[in-house]
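Letters are used for the chains, namely A, B and C, taken in the order the chains are written, and counting of residues starts over at 1 for each.
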Amino acid sequence: MLEIKGLTAEVDGKPILKGIDLVVPQGEVHAIMGPNGSGKSTLSYVLSGRDGYEVTGGSALLHGQDLLAMEPEERAAAGVFLAFQYPVELPGVGNATFLRTALNAIRRAKGESELDAMQFLKLARERMKALSMNDEMLKRGVNVGFSGGEKKRNEILQMALLQPKLAILDETDSGLDIDALKIVADGVNAMRGPNFSALVITHYQRLLDYIVPDRVHVLMGGRIVRSGGPELAKELEAQGYGAIQAAA
Amino acid sequence: MPAVTETIETVQAVTDSTYKWGFETDIEMEFAPKGLSEDIVRFISAKKEEPAWLLEWRLRAFAAWQKMEEPRWPAVKYPPIDYQDAYYYAAPKQKVGPKSLDEVDPELLRTYEKLGIPLREQAILAGVEGAGETPADSRMPIAVDAVFDSVSVATTFKDRLEKDGIIFCPISEAVKTHPELVQKYLGSVVPQGDNFFAALNSAVFTDGSFVYIPKGVRCPMELSTYFRINAKSTGQFERTLIIADAGSHVSYLEGCTAPMRDENQLHAAVVELVAMDDATIKYSTVQNWYPGDAEGKGGIYNFVTKRGACRGARSKISWTQVETGSAITWKYPSCILQGEDSVGEFYSVAITNNYQQADTGTKMFHIGPRTKSTIISKGISAGHGQNTYRGLVRIGAKATGARNFTQCDSLLIGDLCGAHTVPYIENRCMSAKVEHEATTSRIAEDQLFYCRQRGLSQEDAVGLIVNGFCREVLKELPMEFAVEAQKLLQISLEGSVG
Amino acid sequence: MTAAPQPGAAGFLARYQGLKDHLPGARLPWLAALRDDAAAHVAARGFPTRRVEAWKYTDLSPVAQAGFAEPLTAVAGVLTLPKPRCAARAVFVDGRFRADLSALDGLAYRAASVAQHLNALEGVLGALVPLAEHPMTALNTLMFEDGLFLDVPAGVDAGHLELLSIAVDPGRPFAFHPRHVIRLGAGAKLTLLETAIGGSAQYLHNPAFEIDLAEGAVLTHGRAQQEGEGAFHLSMIHARIAAEARYDTMAVSAGARLTRMEIHAALTGPKASCHMNSAQLAAGRAVVDTTTALDHAAPDCASRQTCKTVLAGQARGVFQGKILVRREAQKTDGYQMNQALLLSEEAEMDSKPQLEIYADDVKCSHGATIGALDADSLFYLRSRGVPADQARSMLVQAFLHEAFEGLEDDVLREALTAAVDGWWVRHGTAS
């Protein structure tokens, strides 16, 4: 499970996270909602270890391991997966090559045997079929020339292959139509189980109709100001963030 | 930027251990007296027992060289070379031209083992005749001509190739066994007076590979030469001549290494290729000379003249190179497209890290009609490296319907290096089409983070992205080289990204 | 003054020695020193030969050998001028300002003769130019007699101004070297239409511009080079563009027997920008050369360049465009495109787009193409009934159109389009 205590963080010297306390028990899916500028993306980058995001206090433990002391690839090996809001393009790098390299790096770190090209392809095809994806995607460059929806689906495919313990979905729903949204939601829901936790970061409530969270937290001004069950999301949609702000 | 400081420190820590070919081989050597003069030229010719015509040829070149001025390209800086302060002949003491591998000094063979020459070649060199001819994984064998300092040490598969009429042997041997061929073509593509280093090479070259593929023959295996500079204070002046007669096909690989030294050593080679009607020559180089240490001390000066003449109609010459070593690289593999419908190609990856400088590119001369050239150049600069692409595409008045496509891409890692593009495009023919594009990019922070978040280490991420950047070039390399090249790219850039 | 003119740089130096005391500012120590310094450079470098890298493709020997004299006395009297395109107009005849032919009253900024305002130009004239690197500017410094002094105060929108240069034939080959100094204060704006015309005599017009744009200033500079067919036009612009300032230039080169339009622009503060577009047209045995160097010396600057060349007959076209991105110029956005259309068998184009990059977080690219009119496009038009000549004309116009993209100013657009049309009428059907 994920335990965050008193986490504060700065970007370019400006405090963004001002004391986050959050526990995501194993097997649960929690949603983080908040207005723009509340620190949602900052939280996801701090947890995944991106340069430029400086932790100034507090802690974050994943299954007892100190996440903040680890390099990004070490966190990946420990089971953290970040589905990016804006997945980058890697020209000339084949999608299949990239995925196999990443998968094998993580397997290596866990002391598992690596997959050869054939084994990997078999696994990849299985997962893609389950996600209704065309295996054309494997032959293309990573995200090169992908539409917004295709990029997000590629993120979900990666998640399905890498089997993380903690998935952080950073505004995965932005820019998606209903069909793409369903594919993303199906992908996440298919992973749900006792060994999988997720932090779904979203601005809008819509995604949460498909990925029904166990808990919802509202992030405002760098702090979690309210937590509740799934109905909290509906309340936000009806009343807007302003009402919560006033009450907080 | 803290990232950059960390990069510099990491590079300094890693560089000495990175160049794993930096060892020296302890072996008995024979040297000419130091310095360069007409006497030295005669000494070399005598040592090699050359016929009179070749000695005359050398002396003419030497006379021309003495009158020439060393060229100075503005983009490449190096302290003046003292041409008298080097040995122009250094050879392992053994019989010239071993009759069989048993006669090769075992210490020499151990060197090749240490160099990590692909295992198959090593097994072949270690010596059982027929070793590798039916390899377990059914890949084609490669014939290897091993050159240690200035002398060819062993050539494998000669007999097998001779059955097809293919001649693959050291040029010193070809001068004696096929003088008419050598005389006809030597200096026909790169004349002695062509440039300063070509003239020098013509005077003092000691060895190199000679290849002749007869009409209609497709060479059944890849031909390869492995150059190793070992002796101190020597220059390496090899001379290669490849002739593909009508309808023939050959693929040739060149690989090079040298030990780590404080001083700079000069490598001024000349490569001449001749392709007749419907013939194809594919020439691939993976160059990893010692690049100098992280402070920029030492390293090989790689000043090479490589030129291919597409003499015949529908002939084709492809140059593919991966340049990761040498302190200074100055080379422009070129194609003279004379035959109608002939094709010239140039695929290149050049890396400059630490204080390396590269001024490299190609020259495509379109003379005949409907000639075609393709240039894909990928330059990667890191550390304090300065990487310049310098190219010339010249379309003559008679090259009706000629086509050129050029793509030059530069990748910059860090803000202390430089990437430069200087293309000269000269078109005298209305019906020809020339297209040139150049772009500049970097490895973005978010690309690296994306890869690392997926579990790849920093090094692996850089390697993956760089290989992706170079993909179009790497896929032109013969398979054996492609794998080596990919690893080489990764090693050359170790520690370059903070 | 009666000795036969001598060719080459020596000739100009000799003339300088003879004229020196009569040149404007002869009694100003700073200007005399500047000219003497220039003389030293001219003596040392002369006219560049083709062995000088920057002049590799353009042969100046016809200029060096021509043996020019200076127009000694100003041409007086009324001349027939083309209709003005702007309300405000500065007219120079043979490089000398003609107040009687100009219309510069009631302007909110200074537009005057350099020769009459030399005192205000101390420390300004010559400030932007490293003489050692620019032989033709050194010659201009040596020999200039006059030029346009434009000084627009901060915040002033100066509207439009036309700068017209006419060369009038005095009966023998002659040369003039106007020196124009243009300064825009912070936030100032000006649209300048520069036109150069002349008769059929042999003359050298060697103008040099020093352009200094303060923060946020915007200078839009349209240039119609329509010199006489025996002329040599060698123009040089040195521009310094401060933070958030913008220099946009659109040039059409449609006259002269040998043209070199050279621009050296430096972006010296963040968010400065420069757009350099040109269309160069040559036929017969003419030579057209566009040579530029753009120096990104500050971060966040943008530059765009499009050069279109059309060559007929045995003409020769040259493009040399260098983009330098210094180490501190991160987030540079630089794009350059150079395209040439060869309309005849004997035309030749030489192109050297160059990148020198020392910063890594930049977007820099360039492209170059050289070829003939697309046969498929021609056929398409003809199959739709368009006669061959008209089809070619349409395709060439379409080709040149891109060089005028982003040109919103109607005055400039009309003037430049007229220059192109004029060339096409004269040379378009020949090949």
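The rule is simple: a residue touches a chain if its C-beta (ideal position, glycine included) is under 8 Å from a C-beta of that chain, and two chains touch if they have at least 3 such contacts.
Bear in mind that the values here come from a model prediction, so they are computed numbers and not experimental data.
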Chain centroid nearest the full-protein CA centroid: B
Longest centre-to-centre distance from chain A, chain (CA-based): C
Separation of mean Cα positions, chain C and chain B [Å, integer]: 45
Between chain C and chain A, distance of the C-alpha-averaged centres to the nearest whole Å: 57
Whole-Å gap between the CA centroids of chain A and chain B: 48
Where chain A touches two or more other chains at once, by residue number: none
Residues of chain B defined as touching chain C within the complex: 74, 397, 410, 412-442
Residues of chain C that touch chain B when the two form their complex: 53, 327, 330, 340, 342-372
Interface residues, chain B side, partner chain A - complex: 3, 444-447, 449-458, 460, 464-465, 467-472
Touching residues on chain A, where the partner in the complex is chain B: 48-52, 71-73, 75-77, 80-82, 84, 87-94, 97-98, 101-103, 105-106, 109, 141, 158, 162
